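Next, two complexes with chain A in common: one pairs it with chain B, the other with chain C.
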Partner chain A sequence: MNKVGFILKDYLVLLMILGLALVTAIIQPKFISPANLNNIMRQFGPLILVALGMTFVIVGGFIDLSVAGTINLVAVVTITLIDPLGQVGALIAGLVIGSICGAINAGLILTSGATTQAEALFITFGMSTVYSSLALIYSGGSTFHFWDLKEMPNMFEAIGAGSVGPLSVSFVIFLGALALLWIFHTKMAAGRAISLTGGNKTAARLSGVPIERSIVLIYTIAGFMAALGAIVLFSRVTTASPVIGAGFETNAILAVVVGGTTLKGGKGSVLRTVMGVLLVILLNNCLNLLGVSSYMQWAARGAILVFAIWLDNRKEVQGNQL
Partner chain B sequence: MVRFNKVLAIGLALSLGLAVGASAANVKVAFIVSNQANESQAFSAKEFVKYGPDYGFDVSTFDAKGDTQAESQIVTTCIAQGFKAIFVNPNDIRAIVPALKKAKEAKVIVGMFSSELIGADQQYRDFAASSDDVLGGQLAAQQMIKAFPNGAKIVEIGGQAGHNAQLSRHDGFNGDKGIKGSKITVLDFKACQQWATDQAQAIMEDNIVKYGKDIQGVFVHWDNGATGVIQAAKAAGLKNLFIVGVDGNKAGYVQVKSGDQAVSIAQDFTAMAKKELQLAKDALAGKKANPAFNVIPQIIYDKASVSKYPLPQW
Partner chain C sequence: MNNLYRLFTQQKAIVAIAVILLVMVAAGGDVSRIFFSSYNLLDMLNSSTILVILGLGVTLTVIAGGCDLSIGGILVVSGILSIQLQNFMPMPLALVLAVLFGTLVGFFNGFLVVQQKTEPFIITLGVGLLLTGVAQQLSDAHPVPANNPDFMNISNGYQFGDGQFTEGHFPGIPNLVIIMLICFVFFAWLIRYTSFGRNLYAIGGDYDVARYSGINVVANKWMTLVISGTMAALGGVLLSSKLNTGSAIYGDFTALVVNCGVVVGGTSFAGGVGGIWQSVLGLLLFGLLDNAMNVLNIPSWYQMMLKGTVIVAILWMDSYTQKRKRELV
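For the complex of A and B:
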């Protein structure tokens, strides 16, 4: 494998984004209109936040299917707490609930002795059902709307539809989260320990890496980011239903893997996830603008996921052969 | 301690007596929900439980959680537990048939709720009550034609792609009794991955980029989806869009009343539940349902009529 080949593979997502954008812009010039760029920025909001949290789970060698349940629970609880606690109180409560959900996942994984991605998959799938059921019981199956509240929640309206200069508020939240998580992952010992945990748990343990602490951090971050995603999501649509998070777990995993973070754990970064989410969002946006049917859009997303995993495996195989 | 035990024993005896009394008075029936996470079905379950005693029934509800196989197992469990009648909202109208066949063999009364079996499979149910989703699409089309007799450019945003209600509403809207042959032009049609408000909103945002102010109307397959369409239109400064939704839930009602949504084609799940309960009561008394398939009329909420109706409870 020559150097050009490696570079091409490393930057393939970026090349795909550029190619997709170029083709769409030629066929449908409105793609590069300010209105569409604004749309892409707003559609970016909820998914990227969930996917950033998911990055740490996958880099740590695990998986988290509970984020959909966490989003469901946080969304319905937070919106109903706005009247009694005020907007800031409800926001904090929502983030705390999401973090607790993540910490519970970590506790179950640690106490069960689960060390593989498959074990984590089943535990978090079960917990997703539990969190979703709690959301259904709490809401009685109903959807809550901003107009159900005593006063319109200005802060949440701003999160969903407001702007800071040319940027949407949700995009500013994303930039802040990205900066903090990137610093944590690359500059802090606890962040680097997550990569070591995902790379080889036994070697990491023998080297004195606190694996248990890493697992708690991984899932608490994922829960916190799912909660942040839930808040941006219901602020955007102005309603919270107990099924609002459906599909977010698979889309987040898709974005992380397509971005280039390996499912095998140990390697990956939040910056790569940004590329993955951008590709997923752009794919929807471009195919909508090009008039491609819903069924074909799913097929395209599935094909990209399969291709990303295939490419990841090929890189591994060819890397070992060198 | 002895006194506490006596009180406890008396309490338990009384509770048991009350429970036995209740079950002796009422017939055990079951409502099997395809997925209680669906707002309309959760509401329907509440209505069955609420109105069951009026028809002499104790209604138990079971949730198949969107799982076809689980739903079949629930049917067989209900047979084993001696339920006299079951009301089924199936995830898959074909896959549920073997379980319903067993129910019929066990002489259990079978009612299809918000759904109907096809062709020869209908022998395995006693009756069905449902809104007609094809008709729902047709009614939406008629509202659109009425609003734009000289024609208009609209977009259609479908519910969960492949879902029976989505397919039927799309067919009804675009068929012979829908906009076919009218001057309404559908600029774009996309269905969502789920019945998710954010997905309807994202599709509408993309439609606005593509067609801008050419869009005069939107047919969106469910009222919570219309909430997303309204948000997208507001963000883009698009005013006077003629938005038609289906469901007639709380969101649709409020949106029509506020003028954000022009029309909601409302489904009456309370009437549907009551009809099923009445048909089951008749069937247990030996009276055959005629007709076996009962269409529950849909109500049109628009700016002029919406205030005549109470705020929906779901």
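For the complex of A and C:
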């Protein structure tokens, strides 16, 4: 009985949203039309990449609110570099900028000796403001379009709209990133060290796990994945604005937590995050099809975030009692 | 050297305020004259009042080792409610209900944070997100205008004068400043001279020790979130009255700025230290910074960057001081 209860709690959010999907499919048959399913697959792109990076931060026992700022900065800088540097150069430059943003966060957290999620939350929020304002200053507040460039950037167009067989290119990028990160997290010493850091920092340090390296790694990965997400995002909409990333940080955290990665750190996996993102996207899609206003969707996301954190915490409390 | 280090780490707000004032003196000419004019100084005080009122409640939660990031959401929802409810009922009742809404949200926060023991930072952020969505739904994402001069007068009126700035004539004291002072005195008393206030320091210092010493930790900590929610709603009502509109957009930045302002003053997220005075100074610093940047004519994006940098620098210092303390022990 207890075991069933645990499994039920572990996947309660999943069951809830699957129920929601079922109800939507009955009320609104458009939900299972090929066009809508294709639409869902394309939405998978940016959010899942950002959320995969966020998974490592949360597993490591920290949090990163700066991904929105990173996405803003990377999007406007990358698109303006396409003309002078060429497409490959711009792509690499964007990814490097994202990684640097992440590394700066890690540097601030390391040098200040912040060990709690709260300290990381506020420092990364401040950095998000800084990155966003840099994006605004750099772009002068204007939006850049593909058709303003000297020639159409074929590679970015392919990232945004191309297909490999039945799968979209962004979905292939996601599968590649997922495979790499999963191997890194489960099979490599540095990846395992991240889980140990999140589980108990003091114990990890005393047993010789380099927690400094873990902190640098998790934030750099988060920055890199945010940059990758930014590139897929602006390729899909063929437009980069300095506020394009707004809301990504909360959606990514929501996806990670809903997937079942615990906010206390130490437990979680990128595969759970995939599930979480699928649920967030399905939820958005269901609410859209049901005609719920975008404001109420915002409120619904907040409510689910609160509920998921509460549930995550209940599991923890019960686990301690056993 | 050691004294200098202590000054910079413990009195961050005073040091930062002194730096800003020095910059404004050094700027000279018209900039200094405008900045130090009685009109500008009073205006600055007036525009910081709402931040201070929010900060008073948040200070209690931070001292008790918690945090409240839902105040931005409470602020906007109660601000919109205070105007929309006036269509159905007399103004005083509408205002009371709007403030009670904050109390209710605070109670809910307390349930989640204290009774259910969730991480306060992330869960109140979620509640704030939820409330921002509700505010947008209520207002249809448009500003909601008020058309009651009495309502507008609550925040914009003056006492002991007519509010006219002419040479050699006392303009009076803005209502907002008076409300802030009353709240300030009440909170200073609450935290210094009541057992509730003293208990908060014990709870923030060490939750378990406080519990074993016979303090009702759950009730006391729960109360801080209720108070903080109530103060946030009061701030929302006053803000709506000041702008004569309710809107869903003011909450985005406010919650984090207020929490940072409280920490800047010297109330640490580690809990157990700090006070009302310190928070007021920390929040006035942000008001001063805003005003100084406006007088200096700094473009808004650069203002945003400067503010972000100040927030990061100060929180970095807060964590660094904690680290030094840990290493000393």
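By our rule, the second predicted complex is superposed on the first by the 318 of 322 C-alpha atoms of A that agree within 3 Å, B and C clash if a C-alpha of one lies under 4 Å from a C-alpha of the other, contacts with A are read in each partner's own complex, and residues count from 1 in each chain.
Everything that follows uses one rule, which is that a residue touches a chain if its C-beta (ideal position, glycine included) is under 8 Å from a C-beta of that chain, and two chains touch if they have at least 3 such contacts.
All values reported here derive from a predicted model rather than from experimental measurement.
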Notebook entry, point to check: Would chain B and chain C fit next to each other on chain A once aligned, or clash?
Noted result: clash
Note to self: Applying the document's definition of touch, where does A:W310 land relative to chain B and chain C: first, second, both, or neither?
What the structure shows: second
Margin query: According to the stated criteria, A:G291 is in contact with first (chain B), second (chain C), both, or neither; which is it?
Written below: first
Note to self: After the superposition on A, what does A:M127 contact: first (chain B), second (chain C), both or neither?
What the structure shows: second
Next item on the list: Figure out whether A:A114 sits in contact with chain B (first) or chain C (second), or with both, or with neither.
Entry: second
Checklist line | Which superposed partner A:G141 touches (first chain B, second chain C, both, neither) | finding: both
Next item on the list: Kindly classify A:A300 by the partners it touches after superposition: chain B alone (first), chain C alone (second), both, or neither?
Entry: second
Note to self: So in the superposed three-chain picture, is A:L263 touching just chain B, just chain C, both, or none of them (first/second/both/neither)?
What the structure shows: second
Check: Is A:I244 in contact with chain B, with chain C, with both, or with neither (first, second, both, neither)?
Finding: first
Notebook entry, point to check: For A:T80, is the partner it touches chain B (first), chain C (second), both, or none of the two (neither)?
Noted result: neither
Notebook entry, point to check: Which of the stretches 206-214, 242-250, 260-268 or 278-286 of chain C runs into chain B once the two complexes are superposed on chain A?
Noted result: 242-250
Check: Considering each complex separately, which residues of chain A are in contact with chain B in the first and with chain C in the second?
Finding: 132, 136, 141, 293, 295, 298
Notebook entry, point to check: Which bits of chain A are touching chain B when the two form their complex?
Noted result: 28, 30-31, 33, 35-36, 39, 42-43, 46, 132, 136, 140-143, 145, 147, 160-161, 233, 236-239, 241-244, 246-247, 284-285, 288-289, 291, 293-295, 298
Item checked: Interfacial residue positions of chain A with respect to chain C in the complex -> 63, 108, 111-114, 116-119, 121-123, 125-130, 132-134, 136-137, 141, 250, 253, 263-264, 293, 295-303, 305-306, 309-310, 313-314, 317
Notebook entry, point to check: In their complex, what parts of chain C are in touch with chain A?
Noted result: 67, 112, 116-119, 121-123, 125-134, 136-137, 140-141, 256, 259-260, 263, 269, 301-302, 304-305, 307-309, 311-312, 315-320, 322-323, 326
Item checked: Contact footprint of chain A on chain B as seen in their complex -> 36-39, 41-43, 46, 158, 161, 188, 190-194, 196-198, 201-203, 205-210, 224, 227-228, 231, 234-236, 249-251, 254, 314
